[in-house]
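Presented sequentially are two complexes of subunit A, the first with subunit B as partner and the second with subunit C.
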Partner chain A sequence: MISHLVILLTDALIFLLLLLSIVFGIYASRRAHLRRPWGLVVRSRVGVGSMVVLAFYLVVGLLDSIHFHPLSQPADGAAEQTRSTEVISLFDSMVSGLRTRQEKTYSAPLATHLYAKESIELADGSTIRDFPRLQHAGVHLPDPAQKTADILKLSAIGILKGIAVSVVAVNTLIMLLAVKARSNFGEQARRVLLATGSEIPWRVVLVVLSSMLVLIFWSAELAANYHLLGTDKVGEDVFYQALKSIRTGLVIGTLTTLVMLPAAVMLGIMAGYFRGWVDDLIQYIYTTLNSIPGVLLIAAAILMLQIYMSNHAEEFNSLVERADLRLLFLCIILGVTSWTGLCRLLRGESMKLREVDYVQAATAFGVSHLQIIGRHILPNVLHIVLIAVVLDFSGLVLAEAVLSYVNIGVDPTMNSWGNMINSARLEMAREPIVWWSLAAAMIFMFTLVLSANLFSDVVRDAFDPRLRSSR
Partner chain B sequence: MDETLLKIKNLKTRLGDADSPVYAVDGVDIEVHRGEVFALLGESGCGKSMTALSAMRLLPPSGCIIEGEAFLEQTNLFALPEREMRSVRGGRVGMIFQEPMTSLNAVLTIGEQIGEAVRLHDGGNPVGVAHRVVELLRAVGIPDPERRAREYPHQLSGGMKQRVMIAIALAGRPRLLIADEPTTALDVTIQAQVLSLLKELQHSTGMAVLLITHDLGVVSEVADRVAVMYAGQIIELAETRSFFRQPAHPYSRKLFNSLPSLGSRDRELAVIEGSVPRLNQRFTRCRFLERCSQAQDICSQQAPEWSETKAGSGVRCHLFDSLPGPQQPSGTAVSARRNVQFAGTGRLLEVAGLKVHFPIHVGVFKRVIGQVKAVDDLSLTIAQGRTLALVGESGCGKTTAGKGILQLIRPTAGSVRFDGAELTGLSTGKLRSRRADMQIIFQDPVASMNPRMLVGDIILEGMQAQNIGENRSQRQARVIDLLGQVGLPADAAERYPNEFSGGQRQRICIARALAVDPRFIVCDEPTSALDVSVQAQILNLLKDLQQQRGLSYLFITHNISVVAYLAHEVAVMYLGRIVERGSVEEVLQSPRHPYTQALLSAVPEIDPARQRSVIRLEGDMPSPSNPPQGCHFHPRCSQATEHCRSAYPNPVRLSQTRSVSCFAVNPDRFS
Partner chain C sequence: MMAYIIRRVFYAIPILIGVNILTFLLFFVVNSPDDMARMNLGMKRVTPEAIEHWKQERGYHLPLLYNASAPGADKLTETIFFQKSVKLFRFDFGSSDSGRDIGYDISQRMWPSLAIAIPVLLVGLLVNISYALLIAFFRATYIDFWSVVLCVVMMSISGLFYIIGGQYLVSKLLHLVPISGYDTGFNSIKFLILPAIIGVIGGIGSGTRWYRTLFLEEINKDYVRTARAKGLSETRVLFRHVLKNALIPILTGVVVVLPLLFMGSLITESFFGIPGLGSYTIDAINSQDFAIVRSMVFLGSVLYILGLLLTDISYTLVDPRVRLS
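Then we have the complex of A and B:
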């Protein structure tokens, strides 16, 4: 099925970031001072709960980051398969039903009819104005009046499926734990379910995991036969849009950090450690950068990029590639405007550290500056970097929504929560109100940002030495 | 009503949650009588502060009182509702804490802060309050109280702030004053002022003082009775005089023997091996067992009960009546070895006219408007195998001088010659190759090691930088060897610094410095963050290493007894300059400079029978950015003349080793 892999720039960077985090994970697991705080994180109930939710987002985002040209279905009679010019992701092909089932225009969540009246030609040739039946929702029902019963039935099936899968998942997990702890299954099950004797709150993991699984199967069951969250102006499934937006949000939240980190860490430590003219120079750079309104800078950069892209349209093979470049550019420009905060924090911390006795002792040994920075300063500011990264994530996801709302965010063809809100805002004024685009974007964004914030809270508590001592 | 003011009975306090409890206070009984100074003496972490905080119900959120009673006169403190408890604190009981710098609100005037306390107890009549504020400030000996009441905390010095804290504590006319290490953060001359103030106030108002301290000198100076705490329990209670004459508990005795002094300099200090046991366990035997040299079978079988030796005093030891009288300090056997001196082979380090100035910048263009003259024209020489002690109060520039000599801070002027080679003005690269000869040991054993590195790597660092040892395995072997030399097990290399106690960490720091085979070490107050019993271990180690390796030390300290024990020569520093210099016997036994005389007289005497007259220094050390005209010391000097106000005295040479910078010293009379 995957005939020709397409690696977009952001895809490459995402997998680079994934690789880096895995390497960092291995590095951290060998260092007691890094392993211990992470131990605290996984021992916190809020921590593991939000981690499970974030994991689901991450899986969707990663699946959505493997792009390829699909093989177009052979038209009847045509002999050979041709490569389509369209680029879709692995996730698209998994939920192809959602992607392809387009309606004409708005329809409410779980509706069987369109949201607007149309002239319908009846079988006898007369026309009436009424709400037409949807082409892809509830088509299996002979009578739309049976909708409620059908939905209840589908819900029941979905929930049962979800429960079945989560029972399997729970048992597998307990089995794995039992093997690891070298105890028998019953013993391990009692420990996990009664939450005794285990430091990691597995019960919370299982509860959150099971409810997420039930939710997924329930929505899958319904989404297969209805538009779970309705359709938008051009009849696209809103549920699908919201799911696709996950990748955009994650990319903005993580790649921006990747872009800004090297500059912030390097300059911040240099300014604080060397002081003197180096410090003055770096301070002037970030003070200057900070006094330019961020939105203005972003708008200018994005508009310039747009002009470049329209002048060099031939360089882009597909719309997806164009949108992707714009997304990357947005990450870079957001990174450029947001590194100053972390840089300033690191400068202050390095200034403090360079006067600390162990740095003085290293100087007294004649250790070179580079080694002092690498061995003494960097490891001791790493917790600040980590806290800043996790805390910035949710802010950046929200920033994307705001920027897209004022049209300087991601490409309009790209699915993002900001674009969903932007396109829904005009419909807020109409009567009857179209609320579901907005609501869907809000729900997905809210869940992501809330769990990211809870997670970052736990991370900060675990890493901040001042908070640690008070417990 | 009897004599008892505060009575604490069988107090037990737990810290931390129920899963991992720390029994910080474990069955403490004390009685504080009316009008007495009762001292609670103990090393850090023994539960003395927790005892006082429990009685006042001011425990941190993680602490809780499990058992016991506390009575203030007739009031059961643990049964009072919080509302009434609040009126007890600050009312019948006043409290002062260690850190006067952080106890005052920086944005309110002194008068407002004292007034707040006065209003709570005397009501809100503004005229009355203002009157009482001035009265309190006068009572704590602050000159010109009307003006001072309108000033802010930053305009006052450390000693003044502690006086203000005492004034606030006195606002409620307390019957009892709890003073938690009231002078630990202060310099010795200021400490003398505050202690005599406490004593005066206690006489004039008749209140009782519960003094919490770790300093035997402070106890002997002011206390009437003393209770020694060890590992959450009171192990000895006695009248101060009899305690100092004849301590009963083995721990107390060892504590006395581990104090360094001039008399003990030719022998090894008695040390209390090991460290205080962790308090997260239940004890079924004597808590001091592992560190006691007189332990017998019964000590490991059951925990000793409290035994009254005579009325009002007692001891917690199985052997209290069978112990011999106060032993002679041990370690005399090594005195022969001690006397082996490294012949002072010339001058290893010569410092001449060293100046370290820090410019004060102002404005966008960093205009220099002045200089902080931290070290101003300092000259000294150290011979091989000798120790020079640099003594002075905080802020006199002694640490800066040490770093300036090592070129960790580049000096502004002057010359530092090490083994005949000039160090100032060397390029960073050239200096790097000379670093191995000179090392430094810091005051704070916590901050002087990177918490992210293994102990082995910490010690390796210097060797790598200086290319000592041919390969990694050779260096590793050397690390193990060094750890052995400082008395640590080989497996310490595989652990992180936070797994060690303060004394052990200081040993690691010493091992790190030794790794590059230095000939000269700057010791920057290496024992002042340690408890007395641990201090003795480190001092012994330093002295041993000097004997074995012929090391030279520049020993920076404010602790005169350590100087007396360890140093060969002493240089006294005041405001960036050396005011007196000489051999340790000369300076300590017959100080000539008025500042040295005042400094030495302010050191609390351990023996309460020996009366001394403290030369009180008025005021504080001036700022090094704006030193006084003429002799820097003249504003605080009782012998100052007109001449002193106009010119700085040149050093007067009194003997081969000795020189003093004072106009009042006449060389002819002594030559």
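Then we have the complex of A and C:
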């Protein structure tokens, strides 16, 4: 199994980022001044609610970031199974039905028939023009007219399953809390559900968690038997595409800041700490980069990448790798256009910090610059970095959609909300219109961006006391 | 004042040189003109003669930095760097890869861009400021809370959705205005009104929230308390004192984008088929016309630097506390 893992560059970076966040989490939990703002975040109702939603997105994104070569079906007569050349992710294999059940072309959400008329040959040899039955949706129904009843039945089953799972989840959580608080189950349940005596709003967590679980089980039940959000032009399931796009959105939103962070932090602190010609030089660099309009710089860079890729096509083993490299490159170039803001903030902050007494004292003791920066400056600007990372996320997810629309975003073969919206441009002009691709992309993107926006607001308020006081 | 402006203008020169060198590196060194030719002519079955011809036609056959075969001073001027990059400083953009004069195209296409960007900016400013003032007036009430919620929700919707949705609702269902296109003179209004409204709506979320923060920051200051203490009505306090002082950051935020209005909006213009500079850039990107993209990068940078300069000057004009140094 391990030998057939495929580690794409962005996969590696995503797990590096995950590792870094865990390390930072442990570091922060040991220091009171960092623990306190996080305490404020988890004590806010909006904060925990959006965190739960983000966690679901994160799980899908992480599952979708473990790639491998699947076992292919053994051909007739062949004794052993072989590894296929295609690359799929763990998430793909979990929802493999969604990936493989392809129709001919468009079909509406939960439909049993195609969206376009075709010539169908009847049993007696004559042909009629009608909407043909879908190959994978509602096939268990002998008569399509029973569809509504069947959908209601499936929904009921799905919702019941969801409720059952969330009841289990809620009880487990309350039990764990009770063990931790050394109280009995009933008392803890009363505390959590009535929201008394507990500082963390567990009730919000439970409500959001349960509704997400019910929603997931409901959609899983329907998606297993129908195309929940319809199919696109080549008959791919739109629900599957929207789910796959989560990873692209998360990668753009997080890796961009990860790749720009070292440069922004180092240069920003150096400019503010050393002043003089170092400051002048760094200011010159970021003013120059900043003065090129971002979209145009990205466009120019992506054009150049396209040329490079088409001239060096032999260097890429598979389409997936190629698309992945383009995604990473897009992150880097987005990082280049967006690091200047953080750099300027850090410069200002370290300029203030170098005049602070304890830094002056360290200088007087002859502590080296590197140590002063590492021990005194860096820990004191970390909160600015954190706020910048969280605040940038939603903007980057939205930017991806716009860039893909202009064809300078991610690879056209990659699943992304931008590409879905891009294809929807033509679908909206059809008669009757095909609205579900657009709607699916919008709903998924909106949920992610909204919860990210709400979360970043809470984080900023918790970390930035100046803003809190003015509210 | 004059000396300050002149110094700032001189400060802009090294930045422009930096931008110029960066675009030169990006367009000619990272990928050679040969690569570009092959890309444009199609990847397969390209003869070296065809590439040479393509380069010759567009002036990419010259050496990059130093032309040893040219006589005298031409050793430096008969190069790609001089012909394609240095000339940008004179706003001599040359001709595009498809043979059109870029300078002429830009002078023609900036008017439609302005025709849409200016109304969006002015109306948007008016709407956002009024809404933010209203929220500030009803601060810490349910109106405040739900307005902020509304702003965050509106911020979280992709701008593409406003455009696609608006076009579908207003043009396709209600048939109020044409879906896309452009006309000259006053006839263009019916083409411009929908993109302008959508532009304003798309900006309400972030704009109003930002202005609300500015207003609330001012409202807690001492001079406002003094104004209330001497018995001024709340509206008078808001309009005469808070608004006036909060306008300083608003104004400087607006001034920096003023020059960039020429560049137009990429997305809006291409959706609505408005022949401005934004759709010009998009068309160039899609047809891989490097000369145009290069020119637009340079033009954009010049305008941005101009915006910074104007911001500094406007700061000193509206806020006497800021001294020029």
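Keep this in mind: the second predicted complex is superposed on the first by the 463 of 471 C-alpha atoms of A that agree within 3 Å, B and C clash if a C-alpha of one lies under 4 Å from a C-alpha of the other, contacts with A are read in each partner's own complex, and residues count from 1 in each chain.
FYI, a contact is a pair of C-beta atoms (placed from the backbone, for glycine too) under 8 Å apart; a residue touches a chain by one contact, two chains touch by 3 or more.
Keep in mind the model is a prediction, meaning the values are calculated, not measured.
Contacts of A:G186 after superposition on the shared chain: neither subunit B nor subunit C is touched.
Of the two partner chains, subunit C is the only one touched by A:M442; subunit B is not. With both structures placed on the common chain, the touch criterion links A:A300 to subunit C but leaves subunit B unconnected. Between subunit B and subunit C, it is C that contacts the larger number of residues in subunit A. Applying the stated contact rule after C-alpha superposition, one finds that A:A32 touches subunit B and leaves subunit C untouched. Using the contact criterion defined above for the overlaid structures, shared-chain residue A:G366 touches subunit B, although it does not reach subunit C.
Of the two partner chains, subunit C is the only one that A:A401 touches; subunit B does not reach it. Of the two partner chains placed by superposition, A:G374 touches none, neither subunit B nor subunit C.
Of the two partner chains placed around the shared chain by superposition, subunit B is the only one that A:Y358 touches, whereas subunit C remains out of contact.
Shared interface residues of subunit A, touching subunit B in one complex and subunit C in the other, are 471. Contacts from subunit A toward subunit C in the complex involve residues 284, 287-293, 295-297, 299-301, 303-304, 306-308, 310-311, 394, 398, 401-402, 405-408, 421, 424-425, 428, 433, 438, 442, 445-446, 449-450, 453-454, 457, 467, 470-471. Interface of subunit B with subunit A (complex): residues 62, 403, 406, 408, 431-433, 435-436, 438-440, 442-444, 447-453, 458, 461-462, 464-466, 496, 509, 512-513, 516. On the side of subunit C, the complex with subunit A involves touching residues 14-15, 18-19, 22-23, 26-27, 30-31, 35-36, 38-39, 43, 152-153, 155-161, 164, 167-168, 172, 213, 216-217, 220, 260, 263, 266-267, 270, 281-282, 285-286, 288, 290, 293-294, 296-297, 300-301, 304-305, 308. For subunit A in complex with subunit B, the touching residues are 31-33, 356-358, 360-368, 371, 375-376, 379-380, 471.
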